[in-house]
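Below: one structure in structure tokens.
Letters A, B, C, D, E and F mark the chains as written, and numbering starts fresh at 1 in each.
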Amino acid sequence: MAVHQLVEYADASPEVRAVYDDIRATRKTDFINNFWKALANDPATLKRTWESVKQIMAPGALDPLTKEMLYIAVSVTNQCSYCIASHTASARNKGMTPAMFHELMAVVGMANETNRLVAGYQVDIDEQFQTP
Amino acid sequence: MAVHQLVEYADASPEVRAVYDDIRATRKTDFINNFWKALANDPATLKRTWESVKQIMAPGALDPLTKEMLYIAVSVTNQCSYCIASHTASARNKGMTPAMFHELMAVVGMANETNRLVAGYQVDIDEQFQTP
Amino acid sequence: MAVHQLVEYADASPEVRAVYDDIRATRKTDFINNFWKALANDPATLKRTWESVKQIMAPGALDPLTKEMLYIAVSVTNQCSYCIASHTASARNKGMTPAMFHELMAVVGMANETNRLVAGYQVDIDEQFQTP
Amino acid sequence: MAVHQLVEYADASPEVRAVYDDIRATRKTDFINNFWKALANDPATLKRTWESVKQIMAPGALDPLTKEMLYIAVSVTNQCSYCIASHTASARNKGMTPAMFHELMAVVGMANETNRLVAGYQVDIDEQFQTP
Amino acid sequence: MAVHQLVEYADASPEVRAVYDDIRATRKTDFINNFWKALANDPATLKRTWESVKQIMAPGALDPLTKEMLYIAVSVTNQCSYCIASHTASARNKGMTPAMFHELMAVVGMANETNRLVAGYQVDIDEQFQTP
Amino acid sequence: MAVHQLVEYADASPEVRAVYDDIRATRKTDFINNFWKALANDPATLKRTWESVKQIMAPGALDPLTKEMLYIAVSVTNQCSYCIASHTASARNKGMTPAMFHELMAVVGMANETNRLVAGYQVDIDEQFQTP
């Protein structure tokens, strides 16, 4: 069954090719990574996911590198090896230095620790942090 | 049993007071939030955690606001209500605008989604993303 | 130490063989997958787990294919590669089509996204959703 | 700061109202739950999320009730109280009986258990489950 | 719908009462906590879960207090408030001192931190840790 | 970029060597596992993490083997393969028998199951478990 086959450009339907073309144009590279080739088994999800990612990761109130580092923070917390590898590569391409990576990891590690200390000590939310 | 009692300054040992004093001096506020008052039941963990947080969240290759947003990204992924409330308050104090918060949430949501698409489609890591 | 050795039928105790025999009879196949061969190092857990799985995955108010897809939804959320691979294979055997798999993945991805949007926006439960 | 305010219809921009109107028309109810009212602080995310949810949860290869139960399976695994409450209510509206709910919970509980047994026993994926 | 109603002894079926009686006899207390009263909506899951818990939490190669602390470690990692509250109460009843609780929390916090450092740094398993 | 390179003793700075020396002296072995060699790319995090781990895992109110088993419980719950492999090896070195490992796994599995049953059934915390 074709569910997990990677769909190469040569074998892709026009609908899938249109997404691949947009990925290439947006990212200014010919490289299509496996994530998209896997999603291409379901063109509706491929198109919806790409359009969401494209919109969300574009420069805005946050710059693209900050967004990549947020992506890494989530992926590390969820232990998603693929996502860690691919977004670390992207972040480097966007200018993440080793020093930035080290600090990112330190924050992610500490947040995962204190999240559990809060839970274990059953800490109530301070009045000052309540939303009105 | 005193495990979950909040330790107020007036009742604190000199060891705990020293940490509280440093929190106040570092953060330039008299406010000590419940997290630290709960940890104060175990002065060794209070001291170690505060010193780690102080070191990690200080300005460096990443600015303090970016670090707060990374903290939120982890806390949201882990569903830690206290941590979300407290670090959202901190991030606002450090200049997070509504537009920045909205983009932060959009990235965190999307990363949590694609982390699972990658897992479900059993996507192998591209050679290009492999570390040497 | 034998903790992680896979226990083959030929080397198994009568107690373990009885479980293996029941797995084969229930599933109408000679194939025993590695999960059970690993649990067989602890015959009490092997027996308890198999009996629970057998009871829970049997046809009832939900059909076996729906149950397999729920199993995949959990395993993808937890990033358990073994469980994703084995239950995807089982679901296919029970009739999951590519179109069903694609929709399953889309729901799992979206749920993981909105779970975090809810947390990050600190949304209170509507009165209408409260249990009495 | 307005980040966590719930946006009521009366106070909503035309862009937000258009989404609210579509939610009401699609779901055939006047009720807009808090999740959407919170997202409405960020009209772009409101619109994108609603359009994705609408597309994904529509009848297809899987029926809407099965999709709601998958949503619950993910939300329970992630411990998202709001999502559990809201999607359990939706699933009931779509015909989930107590017996179906009980079996759903049994599968979700068991999957969360065996996911960890697999991890702890460090079980390798059987050749038979490998994707080609 | 009765799904989330708590089933009191007076209203329980003989099947449910038999489990409640066994809980009381095993734990030497009249108190039945809400978890069991909720599961009682599904007598099959109530019985299966209680029998598994009874078997697993009994004294064996590990003593009951160690088992309660392991339960807390998992529940804190998963951010399950109910489970943290109930198993912390049980652990205290079995002799957990404040000092033991503090060290338990320190280990759980640290493990959650280093789990993510390992993921983020993409650390390969040392040959020495490989299972044969 | 050197982020993920393993730093060997021969190539290490004096600051990193001092930590490696302390690891070797504390653990009474020449073996430095990959985790520390990866962290050594960031000497500040290496030093802080090692000092925390050394302090937390030392004998105290809980013995070192219990602490290793708690570490495994967390790592299994988080699906961290490296951490499971390394801490299982450590626990064995500290005297964990197969019977102890089996009971540890049974508790971790069951806790992960009941954590979700509690969430799905939306169980409220009993008054008796409330902290004062």
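The criterion applied here is as follows: a residue touches a chain if its C-beta (ideal position, glycine included) is under 8 Å from a C-beta of that chain, and two chains touch if they have at least 3 such contacts.
All values derive from a computational prediction rather than experimental measurement.
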item	value
Shared chain contacts [subunit D and subunit E, defined touch]	A, B, C, F
Identity of the chain that, by mean CA position, is farthest from subunit F	D
Label of the chain whose CA centroid is most distant from the centroid of subunit E	A
Subunit B on subunit F, rotation in degrees - Cα superposition, rounded to nearest 5	180
Result of counting contacting C-beta pairs for A-F and A-D, higher pair	A-F
Centroid spacing, where centroids are CA-atom means, of subunit A and subunit E in whole angstrom	34
Approximate Å spacing (C-alpha centroids) for the pair subunit B, subunit D	27
Contacts with 2+ other chains: residues of subunit B	3-4, 41, 44-45, 49, 52, 77-81, 85, 88, 102, 104-106, 108-110, 112-115, 117, 119, 121-122, 131
Residue numbers on subunit E that touch subunit D, as the complex places them	1-3, 41-42, 44-45, 49, 78-80, 131
Subunit A residues touching subunit D - in the complex, by the definition given at the top	4, 44, 48, 52, 55, 131
Contact set on subunit F toward subunit D in their complex	72, 76-77, 79, 81, 84-85, 88, 104-105, 108-110, 112-117, 119-122
Subunit C residues touching subunit A - in the complex, by the definition given at the top	79, 88, 92, 98, 101-102, 105-106, 109, 122
Interface residues, subunit E side, partner subunit F - complex	3-4, 31, 33-35, 38-39, 41, 45, 49, 52-53, 56-57, 60-62, 66-67, 69-71, 73-75, 77-78, 80-83, 85-86, 88-89, 97, 99-100, 102-104, 106-108, 110-115, 117-119, 121-126, 128-131
